């Protein structure tokens, strides 16, 4: 099922990541490869205009076929073929696409968890994904001190030969002014103060579009929070539980992050400030909203062909998030990583780190 | 899944019909009955305002829980309890509700097939529901003669002690003028003439709202028809097959039925003409659109309580259909039966019978 | 301006009724007639598909040109040409179109007032159309008695050689059962009882679609009613005034009319009951909602050409209103007149007469 | 009238700019000032949440009252009061608000022309605003050379005591890499090459959201362009005229500007590159789209109270434009000026300058 456009059905993630390997590796590079089912390109293509027509995004939830079993058969078929492809030592081009495929699959592993949380967390029965799952890791460092950095020229972007996405490339200089950044994330307790102070009822903290979003959607708390009989509860992958005040806040939109920071008399860091300072604090529990818009670095260039559609065409109207989350696979995060979402979205494990 | 608002997920039909027995029979009449799961009322209530809050209709497709297996357990639990209830000879009131529950379930048996056809027929892979299923029964009588009736007073509505829905009650007199009605249904071949004559491109045959519907939705043929490489195909429960020209036309909206009749220089019968004449022809293969709006009969009255919401509150903006369809369960049809749908709907097995 | 799709700008009415004479009388019948401005057909055609493309209805309010003065010049030009046409005694065909043009203009005279009321009554300043205009005529007969009629065959539809619209033709017999109808209209005071009894908060009185309409639009009273500092006010063409409890209720939708009747334990009359009984009571102050759907009479046929689009193509999804209103021009009403609107509309001077 | 939400009725601009002086200068600072009409705050408040409720934006076009004459009386009344206020030498605070009021009025002078162009240019009659108005000033310098700038630290933002908006403040350093920028604007002829090369049919040049915008709206050319009988025409304030190939392109969205630059193998400048280089070329004919998102400068702070809503709350989801346009009042432009619009908007006199 696909309860909102941003959430894909679990089996679709399985099929789509499989299709990625079939389309970008097996079809062009494995001799005599037989496509598993020519109609699957229509079913599992996400957004690549260069690879033909596709199911419109809102219809992903309407695909009762292929069934989950058929998708697993498809994965098995493609896995076997990938092993045949790797019988021969891969060329540099194949290796690059292979790493892209791995990282793409890791992104969908995170989405799979996020989407399942949305599907179950919006079910009136609040079923647990896995009983006993902890709501979130506690912050190791709860000090909430601000760390200061001096103005000057800093280098931004990926260096080295390790894998990174194209949007991290184009290492370049930026000039930053004096700033401070918190060594810890905002907690549920911090955010409750904002709620209890009428944060959702006072336009002054909000962008005009954020205020419209609050009123149109009747927003009064982060996603998954429920006020029941005088107490706050939150849906976690372990089910509906009492809100843990010491846990890091999660599931807020950029609009909320901005309004909260504004209420504090502070602001969100830019993505450059974040990248420069991240060695000085713990991160990795929440995707952290920044004040930066998602734009190309100087020197950014798209790869030719359909792979060039991976990142570049989304560089408008989105905000950059830095860090990683409790749902991010091991080894999939780095300081230069740029995640991006529209400002109203909050089904990801998004959080807030303050700066000034 | 729920690809359009009118189509419910198959498991929802199973749960809803079960809930109907639990809510209207077990809860009020079986002593010490323990409700299976109090949250199911929220999940499986269709439209009864009198029985509490419910999942909004567009969210039926987003319920990954309860699972299909849980729904079958629920059915089994309720079946057992129903047997206990019937250990004692039922009172007249229980018997009446029991028959309503049976007929309600039969209605959902038909919807189940219709909805599955929609779900599979709109899947890009066109999977068959059951390979070898015939597209539709051929008409026994293909004569297409018109049968004439004389003007005068006729009696309309159910008589006798057999079960009928409340909307058939209030036996009353109507005055009909001379009319003729066809002894057979419009076939695919008949309708192709309309298409090939530009029927979907000429506003003159259409209601203003029908013409808007054609243009807004880009309609050029009945639902499930596909023009592929110069030939017409249609999706049936047996899969995608060549259009059978001799089969009865199906899956047209009232707007199309009206436009086709208008193009023929004829019209649709009223529900009264249909009821008066139906003994003279074969029927039961298609739900047949009539020109009549769905209105209460003189003397119609709602039952007290939630059961009163069954039919009466839908008596505006809908058209009456008479007959039955190839998906209607055995024993669920009669000459006085009044089905009703909004004029744009066509996922049911709807057809056309002409009159003048 | 055009605050809702149903309300046209005043000058558009002036231009459209002028265009009607130009298009259906001057162009076909006046020799050497020069069209005033060929682009005006695009601007002032309302809904005649047979007369070429037109401004989409929602854009009527965006026409700053032609200006009001230009429209008056257009009217003057067409008036002059009409006089020339009538220098010669009109043929029967011309005379028929002439009367249609007159009656069409009268319909727009009523719409002009209704639309101006909407435009001014939804302005935050509540400007009066004409200071001192009385909210509505009081009912002469306030007795509220029910008048009874016996079951039997009655004749319905226009007879005689006077002008009528095509939808009144096809004089035919209907069979009516015993009924009673009120000799007076529902008053504001009557309706206040319904409001104060929670009528807008109890689904039981409403159609399912009516209930959706109430909730979606937050409806709590008839259009133009305002509850200010503990008292009811209503906007009239004379400005905002205290609600006159003895005045006839106005500006209710069919949904409200039905719900009110249902709350009373009564019902609305059918259009046939109304036509049969109207000689027995005063009418003409409100357009009165009936329970009848707007459908063709037996024997109804459309005129050939664009004029055939006048009425027939609207015969679906609308309800019939009978009577006339305080805004109806003198001489434009008769007992067989059939007005029709969608059930949610209430910007007309609509009211309620009860039956049982 | 208000044909799209972004276009306000001309008289509304007159009333709103008057209201600005009344609300922010006369009410707080002129002793014994009598508000002209207390209801006008509701009518003419644009977006200031801090000044009370207001007409929803989409309803600005529905205000037939106050009439144009009443608005002029209101202006005259406020003008007189402003003169009384200025009888006394203004305090620094008053002077600051006075300059803000002037600049605010100049912004609406530009909007007035832009909105009138939209209203007339979307009228099917294509009336001229002023016959003989030239479509646009020709570029003085047509050389189309690229001017190069060296990488390094540059200062950005307003300096000095002259008036500027708050969003220009916070003079700060940025690090720019080597770049070149065109000394001239893109012309209609340049853009025609893009159109004729299928620019609107090839997704590769577009952002994903831009491509959706093209397809959803069926965009095939800049706003106001019409392809009639094999030739291109454009609506100008002088009426519909043959497209001047040498004129600067206008009325394109950011999506189109980006796609055109991408098709050229170039890009748009950032707002910082523009500000640094603008002394080296002619500008002022088109508002020029930049690649920069509209974000606060380091050190940006909102003024307290309702005036603080002027700029800051719009700093999300918009792109910065630099320069000025043929509709900008004399004296209202400067190199540090930051205009901003959503990426799909193109009713302003927007153009393109390329960079690399």
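Order of writing sets the labels: A, B, C and D. Residues in every chain begin at 1.
Here is the rule we go by: contacts are C-beta pairs under 8 Å (C-beta built on N, C-alpha and C of every residue); 3 or more make two chains touch, one makes a residue touch a chain.
Keep in mind that this is a model prediction, so the values were computed, not measured.
Separation of chain B from chain D in touch steps, taking the shortest path, is 2. Averaging Cα atoms per chain gives one point for each, and the point farthest from that of chain B is the centre of D. Chain C has its Cα centroid 34 Å from the Cα centroid of chain B.
A straight line joining the Cα centres of chain C and chain D is 45 Å long. Note on chain placement: the centre of chain A and the centre of chain C lie 56 Å apart, centres being C-alpha means.
In chain C, no residue reaches two or more other chains under the touch definition. Chain C contributes residues 47, 49-50, 151, 153, 172-175, 177, 203-204, 206-211, 254-255, 258, 291-293, 295-296, 298-299, 309, 313-317, 319, 343 to its touches with chain B in the complex. If you check the complex, the residues on chain C that touch chain D are 1-3, 39, 42-43, 55, 59, 61-66, 119-120, 122-125, 127.
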